[in-house]
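The same chain A turns up in both complexes below, where it pairs with chain B and then with chain C.
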Partner chain A sequence: MVLPPNISEADFNAAVNEFRAAVGPSWVFTSDEDVALYRDSYSIYWGEPEERVASAAVAPAKVEEVQQVVRTANKYHIPLYPISTGRNLTYGGSAPTMRGSVVVDLKRMNRILEVDEKRAFALVEPGVSYFDLYHYIRERSLKLMLDVPDPGWGSPVGNSLDHGAGYLTAHFRDHFGSHCGMEVVTPEGDLVRTGMGALPNSETWQEFRYGAGPYIDGIFTQSNFGIVTKMGFWLMPMPESYLTGTITVPRYQDFEPLIEEVSYFEDLSLIGMPQYGSPIGGGFFGPPSPDLAALMQNGWPSMGALENYVAAQKRPAWSVELNFYGPEETVRANWQAAKRRFAKAIPGAAFQDGELLAPPIPKEKETTQGDKPRLGIPALEVFTITSRNPMTNSDPADGHADFFAYVPRKASAVWAAARVMYEAYREMGMPPMHGPFSTPINYYSRCFIMATLVPTYRNAAKNARSRELFAKVMDRCAEHGFGCYRTSPAFQDRLMSKYSFNNNALLRFHQKLKDSIDPNGIISPGRYGIWPAKMRGNRA
Partner chain B sequence: MRPALLLFVALGGSLLAQTPSEKNGKAVFDKWCAPCHGAVAPQRTMFGGSALPGTAALAVKYQGKVPAVLEQRTDLKPAYIKTVVRHGLYGMPITRKTEVSDAELDDVVAYLTTNRKK
Partner chain C sequence: MVNRRSVLKIGAATVAGVLVKMPVSGRNLSPAKTHIAFHRAIFDERFAECRGFAAELHSAGVFTSAIRGDVAGLWYDDLRVHLREDRLPVAGLTDRAALFCLEELARDVDMRVVFRVDHTIELDGLAKHVAAAEASSVSATRRLPKEPHFGRAMAERFSRLDPRELRDAAAQKLTGPFAPEDKTMLVSWVIA
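What follows is the complex of A and B.
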């Protein structure tokens, strides 16, 4: 049995008994077998003393129960760690930031409180998954499209609070950016509604996010300033049509004007997330072709060598798939406009018309529909990237730790970040995941992501190596100003130490907030580097 | 043979004979397991390939010795199913009791071992 740090067994047991009284005895988990279900399946410290494991878990079903749990935690100074659906794989899963915390599992708070079709919003509790909300909308034939992240079993609340993203137009795929209004149990057990939710009798809680006075919703993301119990989200009206089209460009340096033109359509909100690719570079991840491996034999090639290589391959250097949402007349017109602009900007650009669909996809065709998240259909198909496959069959990983570096939206930055990651892998003696044809992900419309997936194992020796690689990638990227936006508790202190402008002024501000809002330091100690004063010590 | 009859034969008529537990087990399976372990793959996925992760992984693991689709297996043991669901296996994560209760897991076991019993 694990206890929270500096808490006596007597106090812990007294708190657990009060949790039982608050939520019912069957919803407090204390046996080793049950508590083990809150381990991070993808922990990079699996089975080691540093693994962040819980002491217990408590699963309230109502806001009042959350408040009671928080009051009890204050009474005994028990650290809590709230989770929504607790998926968040690669970023810590359902395990706490600090070993010995009591997980507050909000999965039972699974009510869809409102979906307004005409005003295009939803109000949900934390335990509602994207699958749940999707099925609710479809069963009622509501003309709304839900923006979903790659894995659909997470929750809109948890995903947006951790800055998750999806695939529709920029306005919707920033999941926190598309939220409107929240309800929060404060660390002292009070209940706050933000924006128009603070105005009694208001009907605009999910329509105007700011209300009056300071806008505080952001402080509840990647933080430990409260437990969010409700959130509103803006939804996309179901578009009449979905049209795809692919553009290819011949030369290596065509990547820059390709990005510039895509960004024009992106910033006008005329497209969903563009899907960049490289017909020469091969798949998103995986080993380079033999020709490319030969080119890379002596390290990163010069621009001239890359152009010569591309010319010899007789295939386009880059591609991008664009996705248009709207009435058929406008999506067709926008694709025509794209063809005109790209042809003018990039000599040799070629175009392939894609499919025109009329959402929603009929139920009987949903299973076989490709690219489900682009049509607002939740799925788990993204896990094919990391599940056992012919390449990994003899030694599949048990999980992965994702490192997403945010880099400027320009070709030179993509290449620079790819090279930084490539060299970090090489220094470790590991086959690099990146090369000169690596392409960015564009979850957030104004910024590119260069992603690395470091394997994790239920094996200490292998994890030690993965940790070394992960830290090296994080350090090297930070030196170049490429910041990671989200990481597991194992690396949150390290990550926040990179955001160090003016002697870590940002973290110091977070700490001041923490000391004021949560004087007993009971909510998620250490989350994203924010430790309560009593635990700060020499940490920052 | 007509497609509907073929399907009936392929399933051993088990759909008609489902107990309440097996029926609920299928519902839980469809919600929690099928998105990775289903029988029908999508046309393509965002990052290439056209496969469901669980089914694809088992196809590689077993190389045809047993079906890659869990619902077609006749060799699954209740204890093994419960262990994998609760502990995870490779990329498949742990499933908590607030997600799939012990009673629901029993129903999934009943559903997945139907073929073995008949």
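What follows is the complex of A and C.
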């Protein structure tokens, strides 16, 4: 058994007994095989002393039990690590930030408290998954569309608190941005409702997020200032129609005006998440084509060489798929408007009409429906689709640690970030994931993500190399101002050290909050670099 | 898939003395006889080995459910509902990704992988078998055929298992979901 640091076995056992009294003996897990269920399946420290493993887990079913668990933890100074569904793989999954923490598994707090169809919001507990909320909406034929991440087995609460995102229009696919109101058990066991939830008898908790006074919801994201036990979300009215259209552009340098035009529609909230691609650049997974490998033989090609390469390929350089949601008349009109604007801005732009669908997709057709998340349908297909690919051939990884760098929404920045990542891999002597035709992800509408997936293994030597690669990519990107927005516990201290303006003033502010709100440092010590004073040592 | 309302409770006495719930659905094969050990056998109908596994267990009286890679429908519409009420063991022969997802999901009902044999089917169509299980199973695995009928052989072995006695920590979270594109990697498993 792993014990929390600096906690005696006697105190730990006493705390566990009080947890049992609070939640019932069958909901406290201490055996090795039970605790092993909470290991991070994608851990980059698998089997090593630094692997973040729990000492125990406790699963409260209601708010009062969470409060009691927190009070007990304060009494014995037991570190807690709350999870909702605990399936945020690549970012730690169900494992704690600090080895020896007790996982507070909120899976039993799985009530959908309210879904208001006309006012288009939901209020849920943390153990509710996207599948649960989707089924609730479908079973009642509510005319609401849920914005889901992919895979959809996570929880709206956990996903939004970790700044997860989906696929619909901008203000829904930013999952924290679409939340409205939360309830939090503080580290000292108090209960706080934010926004209009603080006003007794208010009916606008899920409609007006600010209430009065300072807006504090953001401090509960990627942090350790409390345990969120309820959260409200704005939902998208079920659109009458869903229409896709694909645009291709011929030249390498057409990427810049392509992005500018897409951003016009994005910023007017006329489209869902655009899907950029390159018909000649290869996919995200897999080695470059022989032609492209030859072009890259002497390093990153010049713009002229890239234009010549594109011309020789006789295929478009770039593509983007747009998704329109709304009444049939407006989605068709918006697609027509897009064609007009792109044709004017980019000579040679070509257009392909997609299928017009009428959501919701009938239940019997869901299984075969492609691109489910863009239609608000949660899925786990991503595992089936990506588990076998050319990159897994010789040496399949067991998981991956994702590095998602945020870069400005412009072509030159995409190319710069791709080159930084490419060169980091080359320095490590590893096949790069990026090249001149890499395309960005647009989860958050106002900036791009350039994603790198570093493999993780059940093998310490391989993981050591992956850690070195991950750190190099993070360091190189930070030098260029490309910041990663979330990472696994293994790299959270390193990540936060990059946000270093004015002698790490942001982290120092976080630490002051921590010392004030959680004086015993019991909630998720170390999460995103926020260590309690007693554990800070020379980390600060 | 089946849902809660389509579950027919039957009072078939079993050796273990527990009730077995019979799911009724077009994709679920009705058993020829009632089996004692498993609530369900899951198989990926895309693979002949898995179909053989299911047919064998079906004839031994185990209820079977088909998937095609994605386990979401099976879990959220069906299996989770039953396992929350009775955590009876579930057997399967699927690809790695399906097992990976089910293993992660099974934590919600406090169940885990307790037995696992990995089958790597090489380009010549012959399989290599590696058990992550107790010594006797490792030994038995060595005698599994290399040809595609190993699925049936594995099922036959499962039909003799008492899953309540399986508790092999080495089988837990043994791999991730990934597998080579140029080989087929299947896994026989028990979640209990």
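Rule of thumb we're sticking to: the second predicted complex is superposed on the first by the 531 of 540 C-alpha atoms of A that agree within 3 Å, B and C clash if a C-alpha of one lies under 4 Å from a C-alpha of the other, contacts with A are read in each partner's own complex, and residues count from 1 in each chain.
Throughout what follows, a contact is a pair of C-beta atoms (placed from the backbone, for glycine too) under 8 Å apart; a residue touches a chain by one contact, two chains touch by 3 or more.
The structure presented is a predicted model; accordingly, all values stated were derived computationally and were not measured.
Student: Scan A:2 for contacts with chain B and chain C and give back first, second, both or neither.
Tutor: Touch partners of A:2: none, neither chain B nor chain C.
Student: Once chain A of both complexes is superposed, is A:32 in touch with chain B (first), chain C (second), both, or neither?
Tutor: Second partner only.
Student: Is A:471 touching the first partner chain B, the second partner chain C, both, or neither of them?
Tutor: Neither partner.
Student: For A:275 in the superposed arrangement: first (chain B), second (chain C), both or neither?
Tutor: first
Student: Is A:370 touching the first partner chain B, the second partner chain C, both, or neither of them?
Tutor: first
Student: Give one of first, second, both or neither to describe whether A:397 is in contact with chain B, with chain C, with both, or with none.
Tutor: Both: A:397 reaches chain B and chain C.
Student: I want to verify the contact counts: of chain B and chain C, which reaches more residues of chain A?
Tutor: The partner making contact with more of chain A's residues is B.
Student: If you stack the two complexes on chain A, which partner ends up touching A:356: first (chain B), second (chain C), both, or neither?
Tutor: A:356: touches no partner chain.
Student: Taking the superposition as given, does A:42 touch the first partner, chain B, the second, chain C, both, or neither?
Tutor: Both partners.
Student: I'd like to check the shared interface: which positions of chain A are touched by both chain B and chain C across the two complexes?
Tutor: On chain A, the residues that contact chain B in one structure and chain C in the other are 29, 34, 36-39, 41-42, 85-87, 89, 94, 107, 131, 152-153, 367, 379-381, 383-384, 387-390, 393, 396-399.
Student: Where on chain A does chain C make contact in their complex?
Tutor: Counting only chain A, the residues touching chain C are 29, 32-34, 36-39, 41-42, 85-87, 89, 94, 107, 129, 131-132, 135, 152-153, 367, 378-381, 383-384, 387-390, 392-394, 396-399, 456, 458.
Student: Provide the residue numbers of chain B that touch chain A in the complex, in ascending order.
Tutor: On the chain B side, the touching residues are 31, 35-36, 38, 40-54, 56-57, 60-61, 86, 88, 90-99.
Student: Of all residues in chain C, which touch chain A in the complex?
Tutor: 69-73, 76-77, 95-98, 100-101, 103-105, 107-108, 110, 112, 167, 169, 172-182
Student: Could you please specify the touching residues of chain A with respect to chain B in the complex?
Tutor: So the residues of chain A in touch with chain B come to 27, 29, 34, 36-39, 41-42, 59, 85-87, 89, 93-94, 105, 107-108, 127, 131, 150, 152-153, 275, 283-285, 367-374, 379-390, 393, 396-400.
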